[in-house]
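Shared between the two complexes below is subunit A, which has subunit B as its partner in the first and subunit C in the second.
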Partner chain A sequence: MIEVGQQAILIGWLLAAYSIVMAITGGWLRRRDFVASAENGALAVWAAVTVASASMLYALVTRDFRIEYVAAYSSSTLPINYTITALWGGQKGSLLFWALILTTISAVVVLQNRHRHRELMPWVVAVLMTISLFFLSLVFFITPPFETLAVPAREGRDLNPLLQNYWMQIHPPSLYLGFVGMSVPFAFAIAALVTGKLDSTWIRTTRRWTLFAWFFLSLGNLFGALWAYEVLGWGGYWAWDPVENAAFMPWLTGTAFLHSVMIQEKKNMLKIWNMVLIITTFALTIFGTFLTRSGVISSVHSFTQSGLGPFFLWFLAFILVVSIGLLVLRLPMLRSENELDSLLSRESTFLFNNLILVGIAFAVFWGTMFPVISEAVRGVKITVGPPFFNKVNAPLGLMLLFLMGVGPVIAWRRASWAHLKKTFAFPVSSGLIAGAACFIGGIRNYWAIVSFSLVAFVLATITVEFYRGARARQAMVGDSFLRAITQLVAKNRRRYGGYIIHVGIVMIFVAITGTSVFRIEKQITLNQGETFEIGGYDVRYVGLEERDTLHIAYLMAVMEVFDGGNLVETLRPEKRFYKKPEQPTTEVAIRSTLGSDLYLVLGSYDAETRMATILAYLNPLIGFLYWGGLVLTLGTFVVIWPAPAAAPAAAYSPARGEAESRS
Partner chain B sequence: MLNAAAEPSFQHLEESLTCQCGCGLTVHSCNHLQCPSALPLREEIREQMKLGKDEEQILAHFADKYGEKILSAPTTTGFNLTAWVTPFVVVAAGMLFVSFTLLRWRRRTVDPATTTPGPAQTSSSARAEHEKTLDRELEDFDL
Partner chain C sequence: MKRNYKFGLGAVLLVSSIGYLMYSGVEQSSAYYFTIDEFLPRREEVVGQGIRLAGRVAPGTLSKNTSAKGTELKFQVGEFSDEEGVLGSTETVGVEYLGVVPDMFAEGRDVIIEGTYTGGVVQAKSIMTSCPSKYEPEVEGKQAAAY
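On to the complex of A and B.
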């Protein structure tokens, strides 16, 4: 299997190089046979990389400790699910996995578009295969995953215990899908620049791909937060670590792109800006990978650090030079006759939404890079930590929340004051009432008051949108209200699915506000039988329990949780002692309710006196992070679900521009 | 969160210092109970607070002793000020740029020279009337 894997990578590399040459010559000379060959080459690259990945999985599952990677990241006692996820547990495997996702996506793009977009495809293939060639070069020359040990190991050193966690099975694949997915709109954008076909074809064609990438990027960030929350045991989920920032920045610019393309589709404006956004987003995915893997900026959770930095930096430079060069070349063709009917219009609010999203991305970038800048300028190492990011991003985040309420209900083209008054009366009063309620309820932190008011405001505008839409349908078609709502969503899935996604984001804002403002923490040392109180719960420490398996030894503190005198749950925060890398870890125990999480950590214990020190956190509203993610998922499915074959209503919908007919 | 004023708060000080154990968190967030860095630092914060210093003085003490690296956020003086100011300057500049751009587009639209010529026979008042109707209809349409 080792040979098979190695050869497959070599074959994949050669085929990718071949595809690039054929695609470019084919595109240049307009030789369709060349292009077809390049496309087939891309499919073959996928096959080769799949064989290589399958070989690696086989080696992991069969515990082939001749291979250095398998010996370093798994062991004979590692459960099967984590043995599979060890594929992306270390540098070499994760790059191979990256190549697998990239070539799979490329193959799907080829199959989807080879007959539809003959003019663009050579360049799309050339771009995707260039990115593939870069990753395959790393895999083949720099970090060969099938490298063997001089002496086969008898036992593996095992996967890092911090990665033996449920969320780590789904966080990296989601994030990679998000990062890699952004290559598709980028490839089409470059193809549009090269061919001069600069209308919105490339945007329409990649709309679903962009949403797909954005969705997985969102999930990847959320899963990562949940992993940090459960595994790192400090009670929080986001620490503005460079690795987290690396995943967050392309999400921000990608979100801006998702919005601004709508203006190009509807009004043929912002052509240059959309190009800039997608190039930035793609460059940030590569930059993020560079941050994570180079060790330039120290970070807690880089599990794949190495000397790969320079390669990513050169590749990034290459991407920027080529894309910006093409963009400058095409500037004259991209300038559009921008027209604006009114300053008060959806177009304007979208521009400000873009500004804030890009502004936050810049703030995060700036804060992440500032230690390097400071060292270069002053020669002094400094730290830019959570207090900086929280303070800088809080006002920008609230502005974004505000625009999220305003944007969708301001009409395209032109909104009148009368119309605005009618539309915003209910939302504004909802916001004010919510703010007042917070104040009366005893909240004195004005960040929280502003945030909750804006949350109410945004939710009210969305409610109004649904209500008025459904009413209008009722008036026209005479459906029941419930049927009118489902029909409304079904017929305008992009618009109303978008609103559902907004609700998900609002819920995430609720979680962020709740946890950052109202968190309660306690650290307490207890004798057996003693009780302490936190946030309305009485928690009794009953004693220690032990359990032993081949893979892990457990020590648990048994904690009984009482709410109003009734035992509601028994929690067991653990210390784990992994046996292969002899490493202790802390496993938190959580009682989740809709209102809050009771989060217990076993800090330390005394084996003789059986005293235990417990860290207890009450995280209000954190459940909304999880539920917000689910709502966001639901919304994405509503938007992305393929439209049924053109219904008779299709004649009516393009005029509305909400375009389920434009897939 | 906002007023780092006179009365020093233990938690705020903890949050203003970075744990040096490699966890990458603030002294407040580090949860290694036998942490070789966070524990002595917390003790030192208490000692400093007993001396009756205000937050600024206490943080200055830590920065002098361990280097600026220990502060969890840049100071607000000298070159470090650029860390705080730049994001807002960039956003403000962006706002100006967007506003000017919008105004320019608006002017171009209003300016009859650049708008697409309407039907020549339509008198200007009739055209205005027509536009109004169109607006009203579009408004109702775009729910």
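On to the complex of A and C.
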């Protein structure tokens, strides 16, 4: 299988190179047969990379310790599910896996579009295959995954215990799908620039792909946060670590893109801006990969230094030169057909939403790169910590939340005073009431009050939208209210699905507010039988428990949790000692309720006196992070689900804005 | 055009407030980042200021003391070297820390220490451990050297 895998990678590499040449000559000379050959080439690349990945999977599952990668990232006692996920547990495997996703997506794009966008396709294929060729080059020349050991290992060194967690099984694939998915709109954008077909075709064709990529990027970020929360044991879920930022930046610009393309579709504005956004987003995915794999910025949980950095940097430079060159060349053709009419309009709200998202992305970039920048300018490395990111992003995030309430419902072109009053009277009063309720309820934190008021404001606008839509439908069709709502969503998936996604995001805002403002943190050393209090709970340290298995030795602190004098749960935060490689890890214990999480960590213990140091956190409202993610998923499915063939027109919500702006 | 001007004003306002937030954010939360060799010659300049030190825990210098307040650590950190568990140079700086010890912390491991230099020793607020290099097999390192 080693031979098969190696050969498959080589064949894939050659085929990708062939596809690029054929696609470009075919596009240049307008030779349909050349392009068709390039498209078949892209499909063959997918087949080759699939064979290579399958061989690696086979080697992992059959525990073929002749292969260096298998010996380094698995062992004969590693459970089968983690053996499979070891495919992306290390540098080499994850690059192969990346290539697999990329070529799979490319193949799907070819099958989907080869008969539809004949003019664009040669260049789309050329771009996708160039990216594939880059990754396959890394896999083939720099980090060959099938490299064998001089002497076959008798036993593997096993997967890093920190990665033996279910979030880690799904976090990297989601992130990769998100990163790689952004190549599709990028490829179409470049094709549009090359061919000069600069209408909204490229945007409409890739709308689902963009959403697909955005969705997995969102999930990837969320899964990463949940992994950090449950595994790293510091009580939080987001630390503004370079690796987290690397995935967050393309999400921000991707979100901006997702919104601004609507303006181009509806108003033919922002054409240049959209090009800039998708180029930036794609470049940030490559930059993110560079950050996590080059060791340029020291990070607690990244791949350690490897020789890959320069390759990514050169590729990034190549992408930027080509795309910006093309963009400049086509600038005269990208002029807007419309102008901004008023500050109080949907167009302008979307623009501000874009500015803020890009502003946040820039601030995150600046903070992440600050050590490099300061070293270049002042000769000293200066780092900025989480306070920098929080300080900058908290007000920007709240502005964004505000616009999330305004943007979808304010009139196009120009909002009249009457329209504003009619649309926002209820939401604004809801927001004010929520703020007052927070104040009366005893909340004195200014940030929290503003945030919760805005949350109420946004939810109210969305509720009104659903309510009005359903009422109108009821009046027209005469359905029951519930049926009217489902029909409303089914007939305008894009719009109402979008609202559902917004609800998910609002819930995530609630979680962020709750955990950052109301978090309680305690560190306490206890003797057996002692009790401490945290956020209304009384927690009693009963004693230590031990357990030993083949793979892991466990040491647990038995903690009884009392709520109002009643024992509600017994938590066991543990220390684990993995035997291979020898490494201790800390496993947190969490009691989740609707309102908050009680999060216990066994910090350290004394084997003789049985004293234990416990870190205890109370994280209010953190559950909304999960639920928000679920709602976001639901909303995405509503939008992305193929509309029934009969009603494609309804999917593009009718020009209701115009109707309203006349009122 | 007049309306565009209004929007432009809004955009300028927004951009400058982002700029201001970033500027003041940097002022408040920046810390010097040094490796030990960079730190030692200029340590007197940064007394009392926030620093982040990247280095390796010097073998044979670690003392631990668990009390009711938590675990107290005293150790020396030195410069990295390519060889696992070995210091890159002889000079080291002392670190004192009270709190919870990270899982991966041990002599010879690479750490990032956040804290302040008080003249003499570094009072650590937090200790971060980077993954031990065997997490990423040594082959990688050899390759990195080859390119």
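Just so it is clear, the second predicted complex is superposed on the first by the 640 of 663 C-alpha atoms of A that agree within 3 Å, B and C clash if a C-alpha of one lies under 4 Å from a C-alpha of the other, contacts with A are read in each partner's own complex, and residues count from 1 in each chain.
Keep this in mind: contacts are C-beta pairs under 8 Å (C-beta built on N, C-alpha and C of every residue); 3 or more make two chains touch, one makes a residue touch a chain.
Just so we're clear, the structure is a prediction, and the values are computed from it rather than from any experiment.
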### Message
Should subunit B and subunit C be called a clash or a fit once both complexes are overlaid on subunit A?
### Response
clash
### Query
Thinking of the overlay built on chain A, is A:Leu615 touched by subunit B (first), by subunit C (second), by both, or by neither?
both
#### Entry: Partner chain(s) touched by A:Gly359 [first = subunit B, second = subunit C, both, neither]
both
### Task
Check whether A:Phe370 is in contact with subunit B, with subunit C, with both or with neither, and answer first, second, both or neither.
both
#### Entry: First, second, both or neither for A:Gly236, with subunit B first and subunit C second
first
### Query
Touch check for A:Gly90: first (subunit B), second (subunit C), both, or neither?
second
### Partner chain in contact with A:Pro584 - subunit B first, subunit C second, else both or neither
second
### Message
A:Arg413 in the overlay: touching subunit B, subunit C, both, or neither? Say first, second, both or neither.
### Response
first
### Task
Give one of first, second, both or neither to describe whether A:Arg444 is in contact with subunit B, with subunit C, with both, or with none.
neither
## Note on the structure
Among 58-66, 76-84 or 112-120, subunit C clashes with subunit B only at 112-120
### subunit B/subunit C common contact set on subunit A
298, 300, 339-343, 348, 351-352, 355-356, 359, 362-363, 366-367, 370, 380-388, 391-392, 396, 586, 601, 603-604, 613, 615
### Of subunit B, residues touching subunit A in the complex
1, 15-16, 18, 22-26, 29-31, 33-34, 67-74, 79-80, 83-84, 86-88, 90-91, 94-95, 98, 101-103, 105-106, 108-109, 114-115, 135, 138-139, 141-143
### Parts of subunit A lying in touch with subunit C, wherever the complex brings them together
68, 72, 90-91, 142-143, 147, 157, 160, 162, 298, 300-301, 303-307, 310, 339-343, 348, 351-352, 355-356, 359, 362-363, 366-367, 370-371, 380-389, 391-392, 395-396, 523, 525, 575, 581, 583-586, 601, 603-604, 606, 611, 613, 615
### Task
Quick one: which bits of subunit C touch subunit A in the complex? Just the residue numbers, please.
3-4, 6-7, 10-11, 14-15, 17-18, 21-22, 24-26, 28-34, 38, 52, 54, 66-71, 99-101, 103-104, 112, 114, 128-137, 139-141, 143-147
### Message
Can you tell me which positions in subunit A touch subunit B when the two form their complex?
### Response
233-236, 239, 241, 298-300, 337-343, 348, 351-352, 355-356, 358-359, 362-363, 366-367, 370, 374, 377-378, 380-388, 391-392, 396, 411-416, 419, 445, 447, 465, 468-469, 472, 586, 601, 603-604, 613, 615, 655-656
